[in-house]
Amino acid sequence: MKTRAAVATAPQTDLEIRDVELDAPRADELQVRIVASGVCHTDAIVRDQWYPVPLPSVLGHEGAGIVEAVGSDVQGFKAGDKVVLGPAYCGRCEQCLAGHPMFCVNFYDRNFGGGRADGSKSFSDGSGEISSHFFGQSSFAEHTNVVASGAVKVPDDAPLDLLGPLGCGIMTGSGAVLNVLQPQPGSSVAVFGTGAVGMAGMLAAKAAGATTIIMVDIVPERLEFAKELGATHTVNSKETDPVEAIKEITGGGVEYALDTTGVPPVFAQMTKSLATRGHGALVGAAKLGTEAPFDIGTLLLSGIKISMVVEGDAVPQEFIP
Amino acid sequence: MKTRAAVATAPQTDLEIRDVELDAPRADELQVRIVASGVCHTDAIVRDQWYPVPLPSVLGHEGAGIVEAVGSDVQGFKAGDKVVLGPAYCGRCEQCLAGHPMFCVNFYDRNFGGGRADGSKSFSDGSGEISSHFFGQSSFAEHTNVVASGAVKVPDDAPLDLLGPLGCGIMTGSGAVLNVLQPQPGSSVAVFGTGAVGMAGMLAAKAAGATTIIMVDIVPERLEFAKELGATHTVNSKETDPVEAIKEITGGGVEYALDTTGVPPVFAQMTKSLATRGHGALVGAAKLGTEAPFDIGTLLLSGIKISMVVEGDAVPQEFIP
Amino acid sequence: MKTRAAVATAPQTDLEIRDVELDAPRADELQVRIVASGVCHTDAIVRDQWYPVPLPSVLGHEGAGIVEAVGSDVQGFKAGDKVVLGPAYCGRCEQCLAGHPMFCVNFYDRNFGGGRADGSKSFSDGSGEISSHFFGQSSFAEHTNVVASGAVKVPDDAPLDLLGPLGCGIMTGSGAVLNVLQPQPGSSVAVFGTGAVGMAGMLAAKAAGATTIIMVDIVPERLEFAKELGATHTVNSKETDPVEAIKEITGGGVEYALDTTGVPPVFAQMTKSLATRGHGALVGAAKLGTEAPFDIGTLLLSGIKISMVVEGDAVPQEFIP
Amino acid sequence: MKTRAAVATAPQTDLEIRDVELDAPRADELQVRIVASGVCHTDAIVRDQWYPVPLPSVLGHEGAGIVEAVGSDVQGFKAGDKVVLGPAYCGRCEQCLAGHPMFCVNFYDRNFGGGRADGSKSFSDGSGEISSHFFGQSSFAEHTNVVASGAVKVPDDAPLDLLGPLGCGIMTGSGAVLNVLQPQPGSSVAVFGTGAVGMAGMLAAKAAGATTIIMVDIVPERLEFAKELGATHTVNSKETDPVEAIKEITGGGVEYALDTTGVPPVFAQMTKSLATRGHGALVGAAKLGTEAPFDIGTLLLSGIKISMVVEGDAVPQEFIP
């Protein structure tokens, strides 16, 4: 069918809106009319080829829409269903079967490979094929074919324009807090970065009963907003050393910390702000090969633990209500 | 009383054997005649002031000996008991009460402070006071006063000359494996470094049922010895890239890894040799401020976890049989 | 010194208020003037000899008061300090060192033995010795000697009359929820019994973010009160089958459940109200030998887990703020 | 196609060998020629209608065989592959997605429902339809249709006649030990029952490094065999009280215990043989409604934990090598 899509053609170059051809959904796919799609850091860094997704490509990975056609093997969906789109995963590898589909052995291929497992791509135009199936969805399009196992049905009255980011940013931030850090009631949590991921992490920490929640950023307005949403403390790391500030607020270090930035000096700050036996998680993406300094001499004594967490280590169907 | 001790006087300088005066044991201490004391990396790096223990000091932290006098408040020991000596801890802080005495809030003061909590030192000679209570014991002496809560009674027929290292090197290596990494039967483990700590880690992995155990070092004789003790594979990292070798042996990465060296490039190798959702632990000490490179771009995708582990996160009385 | 105490003399018999002699505190004890003492089920069942504490005995195990004298070896307390009293534990056994002092190997002796480890009792009068050190404190007295390691210092402005139960009922209920069940945000919890223990469990579940909290009891007023404190649902088990009610509210079973009653049919209801792979905890005491029915045929299929929890498996110093 | 099967027709009645018709495999199924099928307790109790599987039925749930035809949607299998057959599960419910397919919300329907989800049955003969898909396989037949997601491919040289029980008895025993009890090296484990499940549990405990492994049964020959396979102690519970014997061997109680019998008094013995904070698991099936006595008065003080475990809480594809 004919549809329109925003096509990434080269690094540091604006997306082009093009009329494109969309092929038929396969047996395990849904064809979805996209109603809204969040835009996050990951779209930008892939366009800029931090991860080598083949260009040209339709990106977009926080989509929400309405099912228009259902592949022959798909169960549990029908035309007209509202869906939020999440990453693709194989469902059969050791990580998937252990309940960690965001670490699917085939995750890279299924989400960054530029098309289906058989090599075909859903989009094309006069100039040739265009990569599809980015995060199983390529949602910067009016219509797209998505892997059904990554789609989550939501109620008919759900506000689709708000729900797109559930599949990525919100799952990333709150999943890292709820699935990995698991702060106890009364504990202290610091979050570096106040974007959607950081705010989601903060709200998750609050829901879990953390009573000291410190947000770190360099934008005063966002820190103000974080306070309105429930942060108990904010630190402007442009003006204050966040490690010192966090140690003072917590009396020696924070029990849990989340780095949503992927910026090496921020990662180092996170490691140093932790209390003895504290637990930190990185969720912010950096270019492959980006090295952050890690003070193994000092940190050994503090007995900390650091976890790398993709997409909140969540099971989308379980996580999106 | 009069006794003799090996005294560290300055960095990079040999210890001096001196006749010294030992004061009386306090209410919570034992006076112990040392029969044997292991020597490990930590004695050398403290003499060299990587950690600023006040010099001159009697070092030695892997002692074993026979109780000669018992402080008035000490229960469970009598003169003549054989004991293995472990680190001191307060027993009352949040970490001690949670079952993690090796992360005692007062660990640094009690073990590296150069004397007792009240500032007194057990050793002296004509030139003045000499630091004592190193790791609660300062075992490079014929007689010493030790904190009773760090001493573990062993059977009368125990071979004291072999048991000293139990309190440190062996507890460090096997504690990190058994208490922190906890490999499952059939799993894969890589150990970087084949000193006492690494060998202890290997034997612990074997006891826990790991079936792929890869030892990495640069000394062929030690690798040979590791194989005799039970390693299934060895890698000479002088000749082969250990990350490549481990990935090839394990088909993509090792589930658990232990860095006993504290050498930054080795730490980086450990992080890169891990499988998806693998778990690595650092137990090797480096100078405060030593930075290791940590590739946050690539490692994020692998979802690994890294733990810093002091003294195996063990409870000495539980761990030493 | 002379003081007054309420003395249990025989099962099913009122306590007698007597003038008694209190001996001097030992080196590891505090002498405390009791300001308030909670009364809970456990006092009653011990008087009635469900557990064979030797009578006559001064009971009382939820005391709070002011330190009047400090034993020679005790650190961290001085006359005038306000304290809340918790159970005694040895601090040296495998359970204590693992961070589980409420399962101290010597717990029974230290708390139900009728006196000190050396066999001495603190109280006496003309008729002879009277058992002391019940739960390390025997707080139904104007003055008493308590084991210092079971006492927790609270701020000078703390309301002692409210704090006594912290050492027992509240720690029992909220400890079982926070330390053992550990409900996640958004989860469902059922609590059987709306006494102090049950209410504390409910508030802990709420603090941890549980969003379905079902309280079960037979007293309408208490159920009403539970709702005011935050229960989302209440079930009067006199009128409604609680298993059916809970399954209906939760759509098949509750993820976490707490039995604070120790009544066999209630325990059975708790096990049957759990969802697949749910986790239930028993904290309510029953007579030794009381058998509850446990349907191993049906429950096997549900994959549930049941934990027996004493005093919330808490570390009092950590738990009481 | 025509094939032959052993058909269960009524409780307490021998299976009948009949010529039957087998329908074509569906899109998600494999048609398998059975080479061997284990027989376990579960076949017998289902024939006897402890669980109400509709009769007549082809039972058999420990099958191994060779693929003859592959459904159109099945990936990863081809005709001629050797397979071991495990239970069916939906792969899409909350339990499946969390890595616990043996607690699949649809487990009962898929394995005990008597046919496919759509109500059809694979077998029939002149007298009408015959229940199929028992444990996803109904392996007491020369040919059968099995759910592909429950089949595990094994190497071409694998001895199929030995491998059938892997899918059930062995997974049940060793899964309960490795996935649920998780004994540490040096720990103590007691196993009640020395059938295939109990022996598998024992070998798993040994692989995990348990150093005290106590087998309990009433058949001297099997206890002897258990000792040959690696048990450190055996108890004939016909002659000796196993609770007393286990407490004596372990000095107070065993850290981990497994009841493979589902016999109420044995379950009670298991609970009483546990050490303080010990962990017991039930894997033996009993009739729905079978009540075992559970001494909540005494067990509360011991702080034990009891888990109900179906099929070892395993992921078959991960567990069968």
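Observations, loosely collected:
Which chain is which? They are A, B, C and D, in the order written, and residues in each are numbered from 1.
In this text, a residue touches a chain if its C-beta (ideal position, glycine included) is under 8 Å from a C-beta of that chain, and two chains touch if they have at least 3 such contacts.
Because the structure is predicted, anything quoted here is derived from the model rather than measured.
In terms of the distance between Cα centroids, subunit C is separated most widely from A. Spacing of subunit A relative to subunit D, judged by their CA centroids, is 39 angstrom. In subunit D, 100 are the positions where the chain touches two or more neighbouring chains simultaneously.
Contact topology of the protein chains: fully connected, every pair of chains touching.
Every residue of subunit D that touches subunit B in the complex is listed here, in rising order: 178, 182, 184-186, 204, 207-209.
On subunit A, the positions that touch subunit B within their shared complex are 50, 95, 100, 102-103, 105, 108, 262, 264, 267, 276-277, 282-310, 313. If you check the complex, the residues on subunit B that touch subunit C are 27, 73, 75-76, 91-92, 94, 97-101, 315, 317-318.
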